[in-house]
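Once you scroll down, you'll see the structures, which are given as structure tokens.
Presented sequentially are two complexes of chain A, the first with chain B as partner and the second with chain C.
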Partner chain A sequence: MKKALETEVAVIGGGVTGTGILRDLALRGIKAVLVEQGDLGHGTSTRNHGLLHSGCRYAVRDPEAAVESYQENLILKRTIPGSIEQTGGLFVKVPGDDDAYVRRWLDSCGKLGIPVGEIPLEQAFREEPYLTKEAQAVYQVPDGTIDDFTLLIDVAADAVAHGAALLTYHEVTGIMTEQNHVSGIHVRDTRNGEEQDIYAPIVINAAGPWGMNIAKMAGVPLRIINNKGMLVVFSHRFNKRVINRLRMPGDGDIFVPAHDVTIFGTTGKNTDDPNDFSLNREEMEQMLTTGADLIPEIHQMRLIRAYSGSRPLYQKTAGKGSSGRDVTRGMALLDHGERDGLDGLITITGGKLTTFRLMAERTVDLVCKKLGSDAQCTTREAALPSRKSTDSFSGANLAPAARHKLMNWAGVRTPEFETSLKDREAANVVCECEQVTWAEIDAAIPGDGHLDLGDIRRRTRLGMGPCQGTFCNFRTAALAVEHGKAGTREADCALMRGVKERRKGMGVVATGETAKQLQLMQTIYQVSLGFGNEEEKQHV
Partner chain B sequence: MYDVVVIGQGLSGMLAAIWARGEGKRTAMIMSGAGKIMQSTGVLDLIPGSRGTLDEWMKQYPFHSENKADVLQAVAKFKALTRELGYPYNGDVREPVPVVTGSGHIKETALYPDTVTPVPDRGHAVVVGFQELPDFQPLFISKNLQKERPLMTVDAIRIPLGEDSQRVLTQLDAARLLDQKEVRARCLRRISGQLADKGISQADFFVFPSSLGNEAWAQTLKQFSEGLGARVTEAPGMPPNATAIRLNDRLKLKAIRSGVRLYADTTVTGADIEKNHIRSVRVRMANRATDVAGRQFVLATGGILGGGLEVTPDGIRETALHLNTDGDGRPMNPPDNLFLAGASGGRQLTRHGIVGGVYSLVSSYASVFGLRKTVAGGMAK
Partner chain C sequence: MNDALLDLNMFEDSYEKCLKCNACVASCPVTGATLDFGGPKHMGPELKRLIDNQQVIDDKRIEYCTLCGNCDLSCPEDVHISTLTTYAKAIHTEKHGSSFRDFVLSNAELVGKMASAFAPVTNTAMKMKPMRQVMETVMRIPKERKFPKYKFKNFNRSFANKVHGSKRKVAYFVGCYAMYNAPEVAESFVKVMNFNGIEVVKPRQKCCGVPMLANGRLKQARKNAAFNIDSLLEYTRKGYDVVTTCTSCGLALKKEYLSIDGSDKAKELAAHVYDADEYLRMLKDNGELNTHLAPMKQKVGYHAPCHMRAQGMGTPAMDILELIPGFNIYDLGAGCCGQCGTFGFKKEKYGISMKLGRTMAESVKNLDADYTVTECGMCKNQLDQLTDKEVRHPMQILAESYERAKQLQTV
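For the complex of A and B:
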């Protein structure tokens, strides 16, 4: 018999928007189920810069988005301290860029109340030694950085702790309607094919780049431009603060520090396919050339990988010929009852990582109105727990670097790891680049027959360092079998999938040392470990 | 002035230097880094990553079938050298054999040292892992081996190697521990204990990590095969593999002892080339730069993996002599007294990143024994 389940709100999409909505609903005591086709945040939510906007970037072109960003910036610094680094940011004017823009920009930031202050060039050069000495003016702004991986996991965990339900690897196959009202969704488990009906009087489409597919199933018109941007990761972190180029926003003008690396981007090319994560060498080279205006040594620095993700930009009218950059970065909350006569269906799209909380608040306000609830939003104040832990894991025999990482990582799970790390083998470091212990990996393996190294990576940073999983992916797959958390075939498949995915991101940046590393990975797996035949078998 | 200057200390470079010296040539070997044998498995494959016969190999690489006798002669010379080094290699390039890897999968290889035993089709195998060694997980390996060898019975056991060890070991660390007699004895006791616990009595094939002793590999092999009453093999996989390190150490020692002049931690930064003839190469050491002159030069700097070729946004660059190369990194119109050994000949020679041990040794042989013949010599002609 087909499984069925009843709830008040069904949320489609496990990115930061959907997850934020799920948490907001849960905190207001509204029953909700979130359905995600892959792993949490496999799409845009982990395929971005990880920039906590101060709003300055949009101050001239999109004051509304700018103000929202700044307000949310202040709120998030308070409420999700575990995923934010308060780096501060710089806007740098370089020769050739429009002087008039600088005046308009300063004027607008002033009017919007975003604190901007010019700093002496010598100070900027001292603090950011890689910054171009051609810089003509440098302003400091309250930008920051967001670890979107921990953010998603923590927001989702808080939602679940407050009673929400989460179904990952479930795709929506249909929207149920009764007359002019939605009544739920049909979903299918993408791994075992099992189907399920989720009855809910309210359905929220928070599917980001996949949003048009959902609208199509519901038979409502929706036009979203998927604007694909490419980003690259450098092997080390060379800037203390976020470095922005002070000009009308364009390609290749933001450098964001993220833990021990720097992320640089981005580009913007419209794509019709939400599953298009392709990478283009030429596009990247152009972006790097632009980036050299801010960081002249950019071509000498080692890149470890590239990735791409699509910004879902809402368009009121389905106009042709938009480049994507001129469409609002603001959010769009659509009540399909009012708009299209299909009551109970809501689409939330557009927006920024920085404004995810506000998007959730507005969406759930609308839900409350529809449900006749007067529950108030609490996410402006209700903070997620910090990731820091005061415990020094003294009971565990840990390498110093792994201990340091855990103390900035374990957060509320400290007691759990305190216990698991007592086992000597659990304290072994499996991923040397990111100092991930077996205890952390073990806790991230669901053990339900679906070992996925990407899912583990998003939860632990496994394989994110310069070797890109060459050593730790193999160890993880083998250890999973050893500890009875995965079957051999499952582990072999996960390994081949994981290596292929890492290779894709490395291939496009593979020059110098990264080209060498890529070859080493290929040699070790295909030749030394003899997985050559395994890969052929999987292709059959 | 040297007769032969070899650039590179991987398998190709070391063999070329040793063989050139063996021919009475005044020989220098210039080395930066550690050499890529360190990251290899120590078994010499024909076509890396796939099964293939010698005939297929000769078609894929720039050799002709009439050179088969030369290839066999090169292999015989390599085997003789390894016997002399006290680390003998077995195998026949005409009949590659199946060996088990550190993942439990089976691959074919052509030449392998005494510590590696081809994997049988049937019988009772036991994979032995060490608790401190994350790169070799016995259960995972045994299950993969079981898939590859359905007629075999495969078990796995796991023992601690140390008395009360707290650290994570590599395969090489484990090999060094097993150099100690008492560690070996303890290891055997623990294996016997585990076998008894699991009721395994008929095992005739034991699979170990690539760790069966470093210096004392022969004693380890003997003690283990006698103590277990079975055939024993190393299963090389994730580097560092002791199987390879032994070869590296012994080749290097041989080079030094036979009188090859070693320039360690020295980088070649260019060459003095006149009328397409190298007079000397410029080298940079820790505290000075100088020229090394020679009559013949062997470029054994490797491909992309070895660092002899570098991928740049504009194409592939040859890093030592700055030769012009084609799109694959193959030097175009190389100097008449330069010989290309191993992967330095261009990307078209590599499969999954490497040329394979057999190509390395044959090309080194060709570069040395081609020296006697015409200048452009070698079998690649």
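For the complex of A and C:
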């Protein structure tokens, strides 16, 4: 018999928007189920800069988005401390950039109330030694960084703790309607093919770039521009703060420090296919050339991978000619009952990572209106626990670097890791680049028998460093089998998937050291371990 | 951290090339003996990546790095691993200061001056059990550890520059060991040079700085480097070649100064520096070597010091000694001796030092040669501790062969 589930709200899409909505619903006591086709953050939410905007970037072109960003910046710093690093940011004017823009920018930031302060060049050069010495003016802004991986996991965990349900690796196969009202969704488990019906009077389409597919299933018109941006990851974190270029927003003008790497981007090219994560070498080289204006050494620095994701931009009258940069970064909340006569279906799209909470608040406000509930939003104040631990894991035999990582990572799980790390083997570092211990990996493997190195990576940073899992992916798969967490066949499949995924991101940047790294990885897996043939078979 | 250190640390970007292949880990003698050291990959390039322009992570385990340089030799990507561990040591010492013992051990020159001034007393005292017990308790220097003897008539006292205008001229970088502990090595070197018609001068010099680097005292090492560079350049610019009989000094002048000083002057100097055997081999290749060597029917085991291997010049000592007729020299092939400069004088490292030395001791025992030859005074110290064979420097053997040949001629 087909499984069925009944709830008040079905949320489609496990990105930050959907996950934020799930938490908001749960905190307001509304029953909800979230459905995500892959792992949390399968799409755009883990394919971005991880920048906590201060709003400055949009101050001139899009003041509304700028103000929203700044307000949310302040709220998130308070309420999601575990996923935000208050690095601060710099806006740097380099020769050739428009002086008039600087004046307009300063003026606009002032009007919008975003604190901006000029800092002496010598100070900037001292604090950011890789910054171009050609810089003409440097301004300090309250930018920060967001770890979207921890953000998604922590927000989802809080939602679940408050009674919400989460179904990852489930895709929506249809929208159920009764007359002019939605009544639920059909879903399918992508891993075992099992189907399920989720009955819900309200369905929220938070599917980001896949939003149009959902709208199509429901038979409502929706036009979203999927604006694909490419980003690259440098092998080490060379800047302390976010470094922005002080000019009209364009390609390749933001450097964001993220844990032990720096992320640089981005580009913007419209694409029709939400599953288009393709990477283009030429596009990347153009971006790097631009980036060299801010960080001259950029071409000598080692790149470890590239990735891309699409911004789902909503335009009421979407002309085909739009390049994407001129479309508002503001959010779009669509009540398809009012708009298209299909009551109960809501689409939330557009917006920014920085404004995800506000998007959730507004969406759930609309849900409450529809459900006749007067529950108030509490996410402005209700804080998630920090990821820092004051405890130093002194009982564990840990390298200082691994301890340093855990102290900025473990958070509420500190007692759990304190215990597990007492086992000397659990304290062994499996991923050396990112200093991930077996204890962390072990805790990230779900009990349901599914082993996915990508899922583990998003929860631990496994394989995110310069070697891109050359060694640790294999170690993890082997240890999982040894500890009875997976069967041999399953571990093999997980390993092949994991290595293939890492290779894709490395391929496009593969010159110099990364080309060698890739070769080493391929040699280890295909020659030494003999994985090549099996993989080919799988692809047939 | 002081600015100079920060700049140097910034300047070193070879860590970006690390492929995590573990060749350095596999070749690290200390890692082979204990898991208490994090290994060269982690302590070098891996840590550097995590702290470059970021919060410093101090890892006490860096004390286990002996700066032997085997990691550098093994790296297929030419990551300057031992330079990175040198900085990690400096960071650690900067954060925690150095103990009195490490201060003393790293001041080979000062200790040499004082100890040789009271040489008979020093040597006797170092053999007295109560004295050694006190040293072990207070300074954590193991009482079982033998120390090199100090000579009252050190090389400074015995040698005077004599200039008579030979074609090739050598500025001899003596080093603390040949200066205070083994003046016979320095004297043998001068004889060997004289047998080749090459005049030798001794420029003003300070300790090369290697013991300081090993103990994280980078600032002091940089001062010494700057002094030595200036002093030696005065000679190289007048056509002198700089030659060392100590392989650690040689490594410092050739390689370490390039990273810890990094100036154009350091580069200029490095191009003129030779290990003594390497110098003789070069003379031979140019047809300039005096090959009137008397036969010596001996069976000898050669121990290659790590800092000799780190210079990437093959085994010039064997190449040269093989020219002596009847001389049978065998490479002991035993890797690191485990003394590792000041490392083996430390109580908490003594066990590892002994463990490392075991292979060498066994190799010496199995070969059962007439004696052992090695360039390094510290390797000699470990050989003296662990084997009952006499240990000689290649220059002593060569000098003897030349002298015998001269006697044979005159007879």
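In this section, the second predicted complex is superposed on the first by the 537 of 540 C-alpha atoms of A that agree within 3 Å, B and C clash if a C-alpha of one lies under 4 Å from a C-alpha of the other, contacts with A are read in each partner's own complex, and residues count from 1 in each chain.
Just so we're on the same page, a residue touches a chain if its C-beta (ideal position, glycine included) is under 8 Å from a C-beta of that chain, and two chains touch if they have at least 3 such contacts.
Model, not experiment: these values are computed from the prediction.
Within the superposed three-chain model, A:A443 lies out of touch with both chain B and chain C [touch as defined at top]. Of the two partner chains, neither chain B nor chain C is touched by A:L5. When the shared chain is aligned, chain C comes close enough to touch A:D260, but chain B does not. Of the two partners, chain B and chain C, it is B that touches more residues of chain A. When the two structures are aligned on the shared chain, A:C493 is found in touch with neither chain B nor chain C.
Residue contacts after overlaying the shared chain place A:A137 against neither chain B nor chain C. Once the two complexes are overlaid on the shared chain, A:M217 sits clear of chain B and of chain C alike.
Contacts of A:C433 after superposition: chain C is touched, whereas chain B is not reached. Of the two partner chains placed by superposition, chain B and chain C are both touched by A:F471.
When the two complexes are overlaid on their common chain A, residue A:R237 makes contact with chain C while staying clear of chain B.
Common to the chain B-facing and chain C-facing surfaces of chain A are residues 471, 516, 520. Those residues of chain A whose C-beta lies close enough to touch chain B in the complex are 285, 299, 397, 424-425, 428-430, 471, 474-475, 477-479, 481-482, 488-489, 491-492, 510-512, 515-516, 519-520, 522-524, 526-534. Those residues of chain B whose C-beta lies close enough to touch chain A in the complex are 39-41, 45, 48-50, 101-103, 105-107, 131, 134-135, 137-141, 143-144, 147, 158, 166, 168, 236-239, 241, 303-305, 307, 310-313, 350-354.
On the chain C side of its complex with chain A, the touching residues are 10, 13, 16-21, 38, 41-42, 46-47, 49-50, 52-55, 57-61, 77. Within the complex formed with chain C, the chain A residues making contact are 128-130, 235-240, 260, 300-302, 399-401, 404, 432-433, 435, 465-467, 470-471, 513, 516-517, 520.
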